[in-house]
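Dropping the structures in below, format is structure tokens.
In the two complexes that follow, chain A is the common piece, with chain B as its partner first and chain C second.
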Partner chain A sequence: MAAGVARAQKHAPWILLSPSLVTIGFLLIIPMMFIVVYSFWLRTATGADQVGFYLDNWQEVLSDRFYRDILLQTLKIAFFTTIICAVVGYIPAYFVANTKMRSKTFLLIMLMLPFWISYIIRTMSWINILGTSGAINGLLLWVGIIDSPLNMLYNQTTVILGLVHYLLPFMILNVYVSLEGIDKNLTEAAESLGCNGFQAFREVTLPLSFPGLAAGSLLCFVLASGTYITPLILGGPRDAMFANLVFEAIITQLNWPLGSALSLVLLVLLGALVVIYTRYLGVDQIAKSFR
Partner chain B sequence: MTNGWSLIRIATILVYLFLFAPVAVVILLAFNANQFGSFPIEGFSLRWFDSLLHNDAIVRAFKTSLLLGILTSAISTTIGTMAAVAMVRYDFPGKKAISSLLIAPILIPEVVLAVALLLFLQFLALPKSFGLLLMGHVVFTLPFVLLVVQARLVSIRRDVEEAAMSLGATPIQTFFEITLPLMLPAVMAGMLFSFTISFDDITGTLFWKPGGVETVPTQIFAMLRNSISPEINALGAVMVIFTVAMPLVATAIARRVSAARIKASKAK
Partner chain C sequence: MAERQHAVELRNVVKRYGEFTAVKKMDLTVPENSFVTFLGPSGCGKTTTLRMIAGLTDITEGDLVIRDRRVNDLPIHKRNLGLVFQNYALFPHKTIFDNIAFGLKYRNVNKADIAQKVKSALDLVQLPHVADRYPNQLSGGQQQRIALARAIVIEPDVLLLDEPLSALDANLREEMRVELKRIQRELGVATIFVTHDQSEALAMSDKLVVMKDGIVEQEGQPEDVYNNPSSAFVADFLGHSNIFAGTLAEPSGETAPVQLEGGTTLKTTIHQIERVNRQQNIRAVIRAEKIMVSTNQNPTSNDSTSIPGRIKTVDYLGQMARYFITAEGQDWQVINPIDQHPFGEGADIFMHIPARNCVLLPGHHD
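Entry: the complex of A and B
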């Protein structure tokens, strides 16, 4: 009996894990290996896939200026989005972590709220604000500052704006979590040793909140680089991002080998970032914001 | 210093405004009587909500999203909770690697995930279907369920379980009589979270959905192609109210249930 229980205990975690492992294995790991294989196949003029080992897709993806330019543009948009999120997001995170107001719980719930509001609604909501018949143009026309509506939408700036609006809560939450974990005695000690408020912040609080800032930045950058909906809704025809190319290749042109190669480029690039990050900071920091 | 603090407070208010004002405008315009559904506001009207109800495509999309969300959340909460119990309650070789593996769908760009799954199933000669959508949604909601349930599970003390076992309960009895009731809030949080993620998803869904099938987000996306209409704002308002009210209602119910249970156990 005791041996039976011990054996059950030994097998228990594997029995519990098996449905998840099977799911991830069959629906993620095998499909991932599959796109690697697919990226070496060839789409022939007849529309059939030529099985074999061809480097044509890779040659096209890696040498064509068109792909390189859009990749650079994507990284640029993701970079600016991340920086803006970090600067703009730090302030409310700091406020919520340090406020002694009773409204703290309310402010925290409000921070979680955007996660519950649909991404596409939040993205398209900017059309109501910036569009030709939107709030700002309506106001300016009514006041009489302008005679005809301004074209503020459908450019790279609005793409970045939409992304910041979407990703800011991720940043605020991650920074908040790390700020909340800082022992308040440390800043008080720094101040009693002669630091002024700003020095104490710069020397103590800021470095200690760095893990949260880094986790938030990683999330913002990875999510921003992988998006194709925001540029479709808020961008102009020239503001395509890399994921748009993937969508275009797979869904519109049905060129699966090319689409595979393109998505692998994105995966390797962002994967490298994640690996570098986890080497130095660990995945745990991201998991922390779920508590 | 106080000066700096009030600056921080003002900046915080501005950031909150930035986050919520556009959504508030969507809801405001949804009730606007103006026939173009844009500014200026010309009075209060429910006509756009009425036209939503009479729009077959939208009603169908809503049903699809609802069914997809419920199935996704049922499946991924069940298997995710099982995995979370294994991760928190047991030690076994390769735990760290398995943990990273199960969280991987969060770190892989959703587009890549979408392409991989789509091409794999098409290679197996399985056409795009509702089943593919469901599988995809399960894969990328699973890690969120795992993280949420795991985080709550850590805080549940083990000694209650050990007490039950020492009193002769089998591990399975202990799980259903002790652990599961204690975990219920965590499981519900996981269910809600996975439902919302599934209900809101568009990135993967656009890759996986069969022709002619629309979910609410893809329907909105398709309607945006034509230009923004007041109907979209109304649909947006419904979605916001739906997804925001749900966790609040669920928390209230959970609170009431646990209060009732405490009362019942005291009455015994």
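Entry: the complex of A and C
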């Protein structure tokens, strides 16, 4: 009897976990297995996929400088996007967390509002702002500062701008949550010990909001690295990011095996980054101090 | 130069939040080296007053003077105060050493002196070996000691304690109470202690300030406030009291009879009659522990009154019992030490009340 109870208790976590395990298994693990298998097939000149175990795709992906350069460009764009999001996002997060206004909920809803509009439409709106017949050029022409429209679109800067626009709410919400969790007495204690407002921020608020900043940065970096719509809409021909190559291979060339190999490269790289990040930046270690 | 007497002085200090007045025309002094307690129920303005002194809340009207200097407009980080919070407020991302060294760092103390001062602060709070740990590795009581060490290491002009013991459990609280008082005596720093716990207030204070609705109801030495409450609120808030309206008759000798509303007659002293300026209508306050319950009818002394009554309910408290008694149509409560067994419910007993334990208050209603 007791053994039966013990066994039931031993199995209980697995039974409780089973719905999530089944969902993750069917929607994530199994499709990913398909991609792994695909990446070893071979696309032939006739257009049919040749089933088998060929390393040709992997050889091409890992040795071609073209892919390496695009990968580095992708990481660079994602890096700058993350830095800008962290700096620009911290300010509104700090404001919302510390405001004495009654309308805190309203401000939070305002932060969520962009998510209700399609990301593609939000990205395309920049064409109306920065384009040759867009708002800024129109204004500058009307005022008379310039004689002919400026070319502001379709370069790496606009790609980063579009990504910041897309990812900023993720950063703000993450930072907001960690700022909200900081005991207000801590800054008061710091000030009573001789800090002015800025010193108290640097000594107490900033380090204690670091877990949120780190989590938001990781999220921004991973999402930015995997995007293909922003460079497609706001980038020029030379501003392709790695996901554009996957898109190109699968949708345009219908070369599923190559596209699979490319997407796995990005997956492994970002996965490794997440592991290293949480391990060596000690994000979870710092989070413990909030106990 | 004349010796300074007051560490902190409040002159007609008012704090308003919109329409609501949290602190009304407060006049108060905190003598150097003394331990002053603000006691009162929640919402009485005690914490607001402390926060105004600390510089965490603006003062609407009046003057705040710390060591002969008006500091109304001086920001908190320039006031040189030690502040201890109810929830400790230690910096979770800094070691105990860095927590305590924090204030010294901003006072440009050199490294060797910092190490020395931190060490002696840790010795003072009797936690010499925790310097390398983080706050979450310490118990609540230890964290509170560190918070105290952090506040006193900067040698503040005034130490401000905002209910520092109320997050601790009962035994630890009493231990910390003794500890806190010892440290305060050792350092001789003027201390303001905010609490709603009357036993803490009575045990620790040199001066007790009882507050209610933003005004000071009574201030003085704890013993004086306890024995001679100046209002029904103070009598009721400190300990358990029986309060009855009554009328005063002509004194005969050292005592005078007091006729209570229900018809009971008690004796009181000349001294008490003086306190109410020989007013006719008075209120009599008899503390619950100053009535003796016994089965013996004979008064314990010449000037005491014996009233027959019946015990309705008994609260057994271990060393003490609290009796709810009906006597001559009135409800009384009495707290007595227990001799072997407490009296049972329904027992017929006599209450003996010495004249000096019948304290008089003016008869108006407050």
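One rule holds for everything that comes next: the second predicted complex is superposed on the first by the 250 of 291 C-alpha atoms of A that agree within 3 Å, B and C clash if a C-alpha of one lies under 4 Å from a C-alpha of the other, contacts with A are read in each partner's own complex, and residues count from 1 in each chain.
Note that a contact is a pair of C-beta atoms (placed from the backbone, for glycine too) under 8 Å apart; a residue touches a chain by one contact, two chains touch by 3 or more.
As the structure is a prediction and not an experimental result, all values here were calculated from the model.
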Chain B versus chain C as contact partner of A:183, first or second or both or neither: second
Which superposed partner A:228 touches (first chain B, second chain C, both, neither): first
Contacts of A:173 with chain B and chain C, given as first, second, both or neither: neither
A:61 touches, of chain B and chain C: first, second, both or neither? neither
Partner chain(s) touched by A:266 [first = chain B, second = chain C, both, neither]: first
Touching partner for A:71 - first (chain B), second (chain C), both, neither: neither
Chain C versus chain B, contacts on chain A by residue: B
Contacts of A:31 with chain B and chain C, given as first, second, both or neither: first
First (chain B), second (chain C), both or neither touched by A:192: second
Which of chain B and chain C A:92 touches, first, second, both or neither: first
Set intersection of chain A contacts, chain C complex versus chain B complex: 286, 290-291
List of chain C residues in touch with chain A within their complex: 54-56, 75-77, 79, 81-83, 85, 87, 89-93, 102-103, 106-107, 134, 136, 150-151, 154
Touch list for chain A against partner chain B, complex: 5, 8-9, 12-14, 16-17, 19-21, 23-24, 27-32, 34-35, 38, 88-89, 91-92, 94-96, 107, 110, 113-122, 124-129, 131, 133-135, 138-139, 142, 165, 168-169, 172, 197-198, 222, 225-229, 232-233, 243, 246-247, 250-251, 256, 259-260, 263-264, 266-267, 270-271, 274, 283, 286-287, 290-291
Of all residues in chain B, those that touch chain A in their complex: 1, 4, 8-9, 11-12, 15-16, 18-23, 25-26, 29, 36, 38-40, 78-80, 82-83, 85-87, 89-90, 92, 98-113, 115-120, 122-123, 135-136, 138-139, 142, 144, 146-148, 150-151, 171, 196, 199-200, 202-203, 206-207, 217, 220-221, 224, 228, 232-233, 236, 239-240, 243-244, 246-247
Interfacial residue positions of chain A with respect to chain C in the complex: 183, 185-186, 188-196, 199, 203-204, 207-208, 286, 288-291
